[in-house]
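First the structure, then my questions, so here it is.
By written order: A, B, C and D. Residues from 1 in each chain.
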């Protein structure tokens, strides 16, 4: 993840514009937060939303996530699955089922 | 994108805990912004960073992006590539090359 | 705004720890976004909230806003009132009354 | 904090537009995160910034902070000073001086 086609398209887009120079991990982390704010704006005053706008803003967040993974040299599937194993330990099924309680507040 | 294995693992994780009830698009957008803030915290006072921490926080952002794409019924590769076409029009190579200027401020 | 007592207390806190060196406008902007994410976390899965936690996280956001205003040499009351005048023009009472529509989408 | 004049001006602005209905604590927390993202955008690709833009975006963050404090019925000076006392304990001068280390990683 993402598909080789997506990675290649994003790399070509960046290379054509000579933008790799701006893609430091720090700048990409800022960009992810900025785009996450724009995604959130789709829901600012209500839970109702325009599906197209949400898709566009989600695409922007994910685009910068792919750039950051590229700069770090990591595979997104791999780190998502690795993190899932940690989360599994923090939220055992029997304690977390049907509850949105944070793991730090689940009874031991 | 992501791989079928990742999608299946995340779905199973959510189903086992009966957490789909919390995964409204609005709550997932909030979650993406929250995790984007934690990712940014890796760079709060400096551009230097701990690679493992950054990977873990990036994984959290992407995990919620995958959940949101699932709830919306869209494919992340597809929306990223579609958005890329729009961005291509906003940032023509000849005007944007080597510059981080926002498209609204590129000379016409 | 804030009161002279608050400004003095924050300045003394920073000076005692020799932390002004970390308080670049960029780092403070990152810090505001990070703390805004923590504030949002109080509402991640529901509109219900713990009042004390919300107050603590709101305090963190405002603390960094006061630091940023200090570094920029501006008064928060002044810039809030100045911005309010602009917003007043974007959202005329007769068009905006009772609606959360963004100004770019209000009918002309 | 803020000055009575600022509080009154913001309240009148909101009342004239009948917008209090949108100002739930949750919506205001989302709004603070959204505006914090716009503030961060002033620093997206560089530490250099346009002072006027930063002031405008900072004003937006603080405006929503004032609204949230109003809805919660708390005074911003009070919660900032209360939180400062907690932070003082987490970051004793002798351990934190000149270091940006997070309190969880300061040696005991």
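To be clear about the criterion, a residue touches a chain if its C-beta (ideal position, glycine included) is under 8 Å from a C-beta of that chain, and two chains touch if they have at least 3 such contacts.
Predicted, not measured: the structure shown is a model, and the values here were computed from it.
Chemist: Please tell me whether A-C or B-C has the greater number of C-beta pairs in contact.
Modeler: B-C is joined by more C-beta pairs in contact.
Chemist: Count the residue numbers both chain A and chain D use at their shared interface, divide by all numbers used there, and answer same if that is over half, different if under half.
Modeler: Chain A vs chain D: same; shared/all numbers exceeds half.
Chemist: Give, as an integer number of Å, the spacing between the C-alpha centres of chain C and chain B.
Modeler: Each chain's C-alpha centroid was found; their separation is 25 Å.
Chemist: Could you say which residues in chain D touch two or more other chains, in rising order?
Modeler: Only 22, 30, 33, 35-37, 40, 43-45, 100 qualify.
Chemist: If we count contacts the way the header does, which residues on chain A are in touch with chain B in the complex?
Modeler: My answer: residues 1-3, 5-6, 9-10, 13, 16-19, 21-22, 24-26, 29-30, 32-33, 35-37, 39-40, 42-43, 47, 49, 51, 54-56, 58-63, 65-66, 68-69, 72, 74, 76-77, 79-84, 86-88, 91, 93, 96-98, 100.
Chemist: In the complex of these two chains, what residues of chain C are touching chain B?
Modeler: 22, 27, 30-31, 33-38, 40-41, 43-45
Chemist: Residues of chain D touching chain B in their complex?
Modeler: Residue positions touching the partner: 30, 33, 37, 44-46, 100.
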